[in-house]
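Below are structures written as structure tokens.
Look for subunit A in each of the two complexes below; its partner is subunit B in the first and subunit C in the second.
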Partner chain A sequence: MHERLSFFVKRDSALHPLNPLTKIVLALGIILVSIFSPWYWTSHVLLLVVIVPLVFIGKVATEYFTSALRLILPAAGFIFFMQAFFQPIGQTVIFNFWFLDITQESLLFAFRIATRITVMISAFTLFLLTTHPSELMSDLTRRGLPPQFAYVIISTLQILPQMQAKAQTIIAAQRSRGLDTESTFFKRIGSVVPLVSPLVFGSLVEVEERAIAIEARGFTSKKAKTSLYEISDRSSDKFIRWGLVIFVIISIVLKLWLS
Partner chain B sequence: MFEKIKKDFTTMTWVLIPVAIAINIAIGQIVVLLKLPVFLDSIGTVLVGIVAGPWAGALTGALSNTIWGLFNPDSLPWWPVAFFIGLVAGLCANAGLFKNWWKVILSGFLIALTAAIVSTPISVYLYGGITASGSSFITAYLLQTGQGVLSAVLSTGFLVEPVDKITTAMLAFVIVQGLSKRLVARFPRPENAEVESGNNTTQIIIALVVVVVVVALGFVVRNMLAG
Partner chain C sequence: MKIEINDLRFIYPTGLEALQGISLIIESGEQVAIVGQNGAGKTTLVRHFNGLLQPTAGSILIGDWDTKITSVAKLASRVGYVFQNPDEQLFSKDVGTEVKFGPRNLGYSKDKTDELVKRALTLTELSDKTETNPYDLSPTWRKMVALASVISMDTPIVIFDEPTTGQDALSIARIAHVIAELRREGKTVVTITHDIDFCAENFERVIALSEGRILLDGVAANIFGQEEVLAQTFVDPPQLTRLGKKLGFKETVRNQEEFLNILRK
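The block that comes next holds the complex of A and B.
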């Protein structure tokens, strides 16, 4: 219950020992190319030729495909249907219902947007599965990110599961006292206060204690801090990063040039 | 300029930000559970904006959406919207718009306008105007009546956002007023949360009544549109 929120899976693969910055650049590069590239099939090709092989290289196929089924497919599927029905483009009507119609053009458009969303989420998931959050943060701090940012991210990942567990406890406790969370509109809106206030006030009161605790451990100290872990950054990492930057620039230039 | 911003980022602010992000997400999930016609997923952001200034609020918003993206990937591209919600909330608070319940309505309205304007380009460029949110039904209707994508998305935003953001601002105001004065005084901008006139218990009660009325109004309008 007090575990940190993390998707990291420890495996012995070619992807895991890469520098965390390389992996985040890889994810962002894939996302940006899929958004900016003017070619219709870019996202589809990226998904099949880049992301799926990387998933197998990173040895996280089981985890990736379960999250694909649970998270990515519903999100992309929903977007696909919304787009297919609601986009008012195109003439060739395939299917018609009330004021909504599916045309050939809107289907193609929906397919593109849905795949783009899939690529975005997949790239991000792949990055999360192969990178430990603490490793990423220590690497970024070493490169000059203020350590406070690292504190905010890591501490949010810790607080969030605690907070959600606390919320579940409060909901269960208030229900057992007879709080109505399911019937009429006014009953439901009335139960916002007894659910939200213990959660919020409880956690805000802790803020001061926490601040004193980390200040006592040199949080505001400006001296350079030493790290317990050494994070590798090989020349192949730099090569991959610059290669990706060039790809992104090419696709933005193509987009601007062709439009 | 930078010195001024730095002053807002005390240890208290840095510790408040993760808690505020967790509040955003936890309340957002409770509201989904209660099936209310609002999102209320930026109460923490507005809260930071009030007690720690616009830039702390903006940072909270942006990080909040990024971290929410871990288990709700659809919220990721909307981080600029959350950024501006925090920023505008902070600016309103600095201008003294969080000192009275009726001024908070004004702040909520300003935040709503900002959110509608900032989300429009994202919605149009990334999704072609139709997003995964339920309000896209209205956009689709407007598109069918022959409006352009830009104006259809923008009018949907102006129609939907005020209810949510006024409620959010009100609840953030209620939370700040409910905290002990001693705790609020430890944050960088305690003066933003001082009540101008009347005692704060009456302010809290009025604010809660306004929340119920606004959400009920939103509920009625939504049912009218759907029916």
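The block that comes next holds the complex of A and C.
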């Protein structure tokens, strides 16, 4: 029942077997193009013509749209309203509320920013949904990322759900000893120490044990390590990556040239 | 105090049907061991006794209290529950304070609390360690602190979840002594265990669970005799029972005493 803290959904799609680096470059590429492109419609096109089809190709549409509703709508919506109200540009007042003016220009600006945010979150959601964190980390370690860094990321993803489960057990154990966690505010404050201390002590002990366990397997050894998993990096991966780099360069050049 | 379970069903939010209709009566003062493979539903079952889990269907009565309408804090005065891992409950700076925590939560008078704490510490042989920080003790002794901190609550029902895991022979003997003492006081003891020899030496009644159902329920000697049925939930009868069977004993033996008695005849 211990889940990993990750968005990854295992599916048999054309996107999943791509090299993790390719997928991260894809996400970053989409974001950079949408930022640098001189045309306001680029973000919309990227969203509708690139991201949404990829979501379907990756067979993660249900997960994408549910997380989109939960994450993208509030974030993009918030930014849209903040920009629409507080962006002091433009003369054409469309709507007035107290001292706040909404102008046509600020509305357009807000729309562009909100779309850009949507593209950013979408691109990364797509990446996270189709890439297993361990796969990404072992691939990046193979490419020279310090293993300590990879360990910090991966262990965090693993420890949090474990700590959550541990916290549940501690709450159950203390409630069985008559600790009142449900009544008045003051009683609840009093119950913090019995709940938090075992969690903190336990976690410290666990960290030490983990350190010993991984060191016993030669974690800090300088020798080249073998990996249990073979992560594919085909020539099509390299092709996609370089293609994306070229797209980003083109959009930067266009931006500089047209402005 | 009597525990009465009527057609208890429990489904985890993940959809796992952990208990599939369990009906059971545990009489006041009975000593019951629950055995069965991992995932058979042992812990899920006993967590219903003090309201930590609420049944999806069916009901549990602790004496005259229905666990569905009684709070966990209130049920704690009737059902003591020793969790498997002492590190998930110890938080005080010394053993004495730790053991006092339960009775204080139950609102006992100071005199009664002191008396209960003293008794619990004596029973678990911790009397000379009251000032020690629980985390300075070895895991074996930490387990005893956890035991003491529940016994001190003086509940008519005591549940042990895997009390002997990771314990040495001396500590197991100490736990057996505690259980014997609780029996003498007329308390109901329910123990989950994988330690079948411990089970054979200390419990009269054994319940074997398998996949959320009761596979066997009865007197220990009868249960251990049914090797094939027990195998369904991956429980081996105690070593002496198996040895007795190999030696061609007619009766099922559970412990050294019974084994030696037959040999002497």
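Quick note on the criterion: the second predicted complex is superposed on the first by the 203 of 259 C-alpha atoms of A that agree within 3 Å, B and C clash if a C-alpha of one lies under 4 Å from a C-alpha of the other, contacts with A are read in each partner's own complex, and residues count from 1 in each chain.
What we mean here is this: a residue touches a chain if its C-beta (ideal position, glycine included) is under 8 Å from a C-beta of that chain, and two chains touch if they have at least 3 such contacts.
Please read these numbers as outputs of a predicted model, since none were measured by experiment.
> With both complexes overlaid on chain A, does A:Thr169 touch subunit B (first), subunit C (second), both or neither?
After superposition on chain A, A:Thr169 lies in contact with subunit C alone.
> I'd like to know which partner A:Val205 touches here: subunit B for first, subunit C for second, both or neither.
Both partners, subunit B and subunit C.
> Contact-wise, after the overlay, does A:Arg177 reach subunit B, subunit C, both or neither (first, second, both, neither)?
After superposing on A, A:Arg177 lies in contact with subunit C but is clear of subunit B.
> So in the superposed three-chain picture, is A:Ser197 touching just subunit B, just subunit C, both, or none of them (first/second/both/neither)?
Both partners, subunit B and subunit C.
> Where does A:Ile153 make contact in the superposed view: on subunit B (first), on subunit C (second), on both, or on neither?
first
> By the touch definition at the top of the document, which applies to A:Thr220: first (subunit B), second (subunit C), both, or neither?
A:Thr220 sits against subunit B, while subunit C stays out of touch.
> Look at the residues of subunit A and decide whether subunit B or subunit C touches more of them.
Partner with more touched residues of subunit A: B.
> Report for A:Phe124: first if it touches subunit B alone, second if subunit C alone, otherwise both or neither.
Once the two structures are laid over each other on A, A:Phe124 reaches subunit B alone.
> If you lay the two complexes on top of each other, which residues of subunit A touch subunit B in one and subunit C in the other?
On subunit A, the overlap between the subunit B and subunit C contacts is residues 166, 181, 193, 197, 201, 205.
> Along subunit A, where are the residues that touch subunit C in the complex?
Its residues touching subunit C are 1, 166, 169-170, 172-183, 193-194, 197-198, 201-202, 205.
> Which subunit C residues qualify as touching subunit A in the complex?
12, 14, 47, 50, 52, 71-73, 76-77, 79-81, 83, 85, 87-91, 101-102, 105-106, 135, 149-150, 153
> Quick one: in the complex, what on subunit A touches subunit B?
Checking each residue of subunit A against subunit B gives 5, 7, 35, 71-72, 75, 78-79, 82-83, 85-88, 99-100, 109, 113, 116-117, 120-121, 124-125, 128, 148, 151-153, 155-157, 159-160, 162-164, 166-167, 171, 181, 185-186, 188-193, 195-197, 199-201, 203-208, 210-211, 214-215, 219-220.
> What residues on subunit B touch subunit A, complex-wise?
Within the complex, subunit B contacts subunit A at residues 9, 11-12, 14-19, 21-23, 25-27, 29-31, 33-36, 43, 59, 63, 67, 69-71, 73-74, 76-77, 126-132, 136-137, 139-141, 143-144, 171, 175, 178-179, 183, 186, 208, 211-212, 215-216, 219.
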